[in-house]
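You will see chain A twice below: alongside chain B first, and alongside chain C after that.
Moving on, here comes the complex of A and B:
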């Protein structure tokens, strides 16, 4: 009974982290860039939103400002990587460190209250049912916008950059610029999730981004595993990532309801991510030989090696050609 | 592969269902269920939780009632606070929120279950209450939150610096800017020292990696160093000791834990007693039907604090233990 009544809260938190995970998906899956900026930018979004809301600024304006602050963080990582030649992971870590100081300066203190009882916020854990409805709207609109964007010429360029940077460069795509734009969009979404999280939990704290990337990756991977079975449409996959966030938080809530030792939680979530990351590798390592033999016997079957990669990025293929013909 | 995946998924769900069924059937039949949300494992916070449990259990035993404690630790992950608070918000009789983010998450999860905070310094800023005066001993929050504040007797601590080191010209204030309560304490101490005509300077670090560099500068530029009740400083007190003791600079600490690591003396509140006080409030709510919104937030008074000194560091620095101070650990 206790668990069922706690479900709305878990779903709402899952939607917020699902939105954050959609940001992670854009860098990790679409752009093929392991971006660790998110641990800092989720807090930046939260800090900007908290400071503006407590200063009496309209909450929607505050969320827009958070979005822009996140984009700026992504820009910084992109500049580190493309203009200064720093490896992807290190650029993200550097920005994350910079953001720790920046976030402290934005808030002026380590912790800031944005209680729903004092300030007019959009969502709050006090009204989890409403929060789910509003967040559902948020996630739907954002999935719609991203679906549209990644179908445009620019969006296709970003996807091509992630798929094969050398080929993209040969096709006249500005790979560096596309990486920067992808990082900006991703971190803007993460910061927006941070702004929503701050309102939902009622406070911003300098530590709130700690471990965010693991939750984001977990949601991405759970979502991929679920949705890949059903449909490979880009919008459906984004929805799957949001669903992954919800499942992560329902399981998390269940684990806490069962009174498991919370000391072990971080290790468990990291291990779950590690195992899910290993599955595609194992599949390739131990099952691809079987596919090859089978394919040799049946020539008309789709090419197995390409089949694996094409299955990963099928939506890129079709609109990409349209985009290229315009170039 | 698809089939294997879906079978595995179904198996996972079945297991989860089975575990949850076991978990639900194991529900206790105690008269009261109290949820304890502690931010992180830390000696001060642990002591407060222990004091709370001991005090409430004693009152329950005396009244012939039973109480079940559900202790959850958020591992310093503020996101976990909301999930745990979400559990406590339903079906629990009372919530103890230990440390500021824990209190904030709980206060934003329920308007009906009584919430008691502890190890929280300022309730006004923690809860965003504009009308709440932290210095008013009778101040109530007006919502379903009350509790105890760990605000140290700052003026007395500042006076202690002046009493022990009357010839000190400059006091260094060493603290972490990523701690929610340190900034306030440092500002209060600086103000008090300024009133008495003693100069002070802030030396702040943002995380444990910067401590040694900042502490070295503080030690070279100050006659005495003051450290407030700062968790990061507490965890790194051995490092600070390794810098300040060789430099011959005495440290006055905000609480006993820091003092035992690197301080000369302290006027310390006891987090165990703070927890005991909170446990008493919980018993008043559960057993005597007091309303949480009408209970003032309680503070530790100077009389409940103890003047302590660190014998080993005092001896090394050639400081005679002051009159009326007790050695730590005695």
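Moving on, here comes the complex of A and C:
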């Protein structure tokens, strides 16, 4: 019974994190850039929104400001990476750390309450059903916009940048600029998700972004697993990512209901994500048949017992043999 | 005779790697070269002769230490790689490098069709273009015109090189650069891709520079041949003299200049 009553809340949270995960999808999948800025920029979005709303600014203006703040965070990471030559992961970590201070300064304290009873917010957990409806609208509009954008000349250039930077440069695409644009869009969406999260839960907290990248990746992975087999359309894949966020939170809720120690939840999430990240690698390494084929193709089979044994040996040993026969 | 203008000019270009260290390597030394409009130049040379460096400084992969580079009459010495792309069509040695594997064949072509243009928020590919791409793909004779929405990553090496070649020439470049673009293909496919290269170069009167390890190809293709060694041109031949060249002649030249012959060159 407890689980069912918590379901709307889980769906609403899932949609918010799904939106955040769409941001992660843009960097991680489209740009091939593991961007850790998001742990900071989600909080930045939340902080900006909370401060402005509590100062009496219109909530839509506050959300727009949050969006822009996120874009600025993405810009910073992009500049670190492209103009200063810092590796992607490290650029994100640096920005994340900078944002920690920035977020504290924005809020002036570590925790800021944005009560739905006092302030005009768009969504609140007090009315989860209504929140789901509005969030659904948000996610749909954003998927539509992204679908349009990544079909434009600029958007196609960004996709190519992530896919094959060498080819992109040869086709006259400014790879550095495109990475920055992608990072800005991604972090703008993440910050918007942060702004929505703050309104929904009724407070902003300096720690609200900790581990956000893992939740985002989890949603991306779940979404890919769901949708990849059915349809490769970009909009459908983004919708899959949002759905991934919802499923993540439903499972999360379920695990809590089953009495799991909540202290362990982050660890479990991270381990599950680690395993799912490993699957494509393992697939390539052990199940593609590549190594076995290569060993079989090697003309002079070195072991005197005949080539059959070579083909049946563990795949890990096969490349070694290929190497020996080359010499 | 109509007046021909130089499409590629290198003037006194020098490039040294790891300058001042024990690994110092002079890759190009006081390098001068002018390629006229419509010329098809083949470049041969042993390992470390500076062929790759020559290609890379033309593309702008790395800056030169000294000298100037002109493409189609424009000084591009200080332009970054992506801005030189306006003048260049390129095909790489590695078939993976020339296409975007997760994008459709037609999307790859659309990207190439916008080479050198500012990329706006207009649609990335238009209906009218698709028809044009279809007719162009049909010329390859690979049936790709029926598979335009297939991801480029699913194509074979030869198909990808053909597609890359088409992409490089879809918008007529001032200079077509071919960096051993058939070296990674099996002999039959290589011959096919090379034949298409010659066809497309002749038809559009493209100024072409082709680096190759295959001396027979270097002699047969194009109307001018240069041999490089230690960052210099040691042999430059064109016209009738080039037509009458044999592989033995070239080998003799190599030995005369005490060049290191790479195994690949002898074997090919």
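Worth pointing out:
Quick note on the criterion: the second predicted complex is superposed on the first by the 289 of 327 C-alpha atoms of A that agree within 3 Å, B and C clash if a C-alpha of one lies under 4 Å from a C-alpha of the other, contacts with A are read in each partner's own complex, and residues count from 1 in each chain.
Throughout what follows, a residue touches a chain if its C-beta (ideal position, glycine included) is under 8 Å from a C-beta of that chain, and two chains touch if they have at least 3 such contacts.
The structure displayed is predicted, hence computed values, not measured ones.
Contacts of A:86 after superposition: neither chain B nor chain C is touched.
The partner that reaches more residues of chain A, of the two candidates chain B and chain C, is B. By the touch criterion defined above, A:268 reaches neither chain B nor chain C.
In the superposition on chain A, A:153 makes contact with chain C only, not with chain B.
Contacts of A:2 after superposition on the shared chain: chain B is touched, whereas chain C is not. Touch criterion not met for A:68: it reaches neither chain B nor chain C. By the document's definition of touching, of the two partners only chain B reaches A:111; chain C does not. Once chain A of one complex is fitted onto chain A of the other, the partner contacts of A:169 are limited to chain C, with no touch recorded for chain B. Contact residues on chain A toward chain B in their complex (touch as defined above): 1-3, 5-6, 9-10, 13, 17, 54, 100-101, 104, 109-119, 124-126, 128, 197, 200-203, 205-208, 210-212, 215, 225-226, 229, 249, 251-254, 256-259, 262-263, 265-266, 283, 287. On the chain A side of its complex with chain C, the touching residues are 149, 151-157, 159-160, 163-164, 166-175. For chain C in complex with chain A, the touching residues are 59, 81-83, 85-86, 88, 90, 92, 96-103, 107, 110-112, 114-117, 119-125, 167.
By the touch criterion stated above, chain B contacts chain A in their complex at residues 1-2, 5-6, 9, 16, 19-20, 23-24, 27, 41, 70, 72-87, 89-91, 100-101, 104-105, 107-111, 125-130, 143, 177-180, 183, 206-207.
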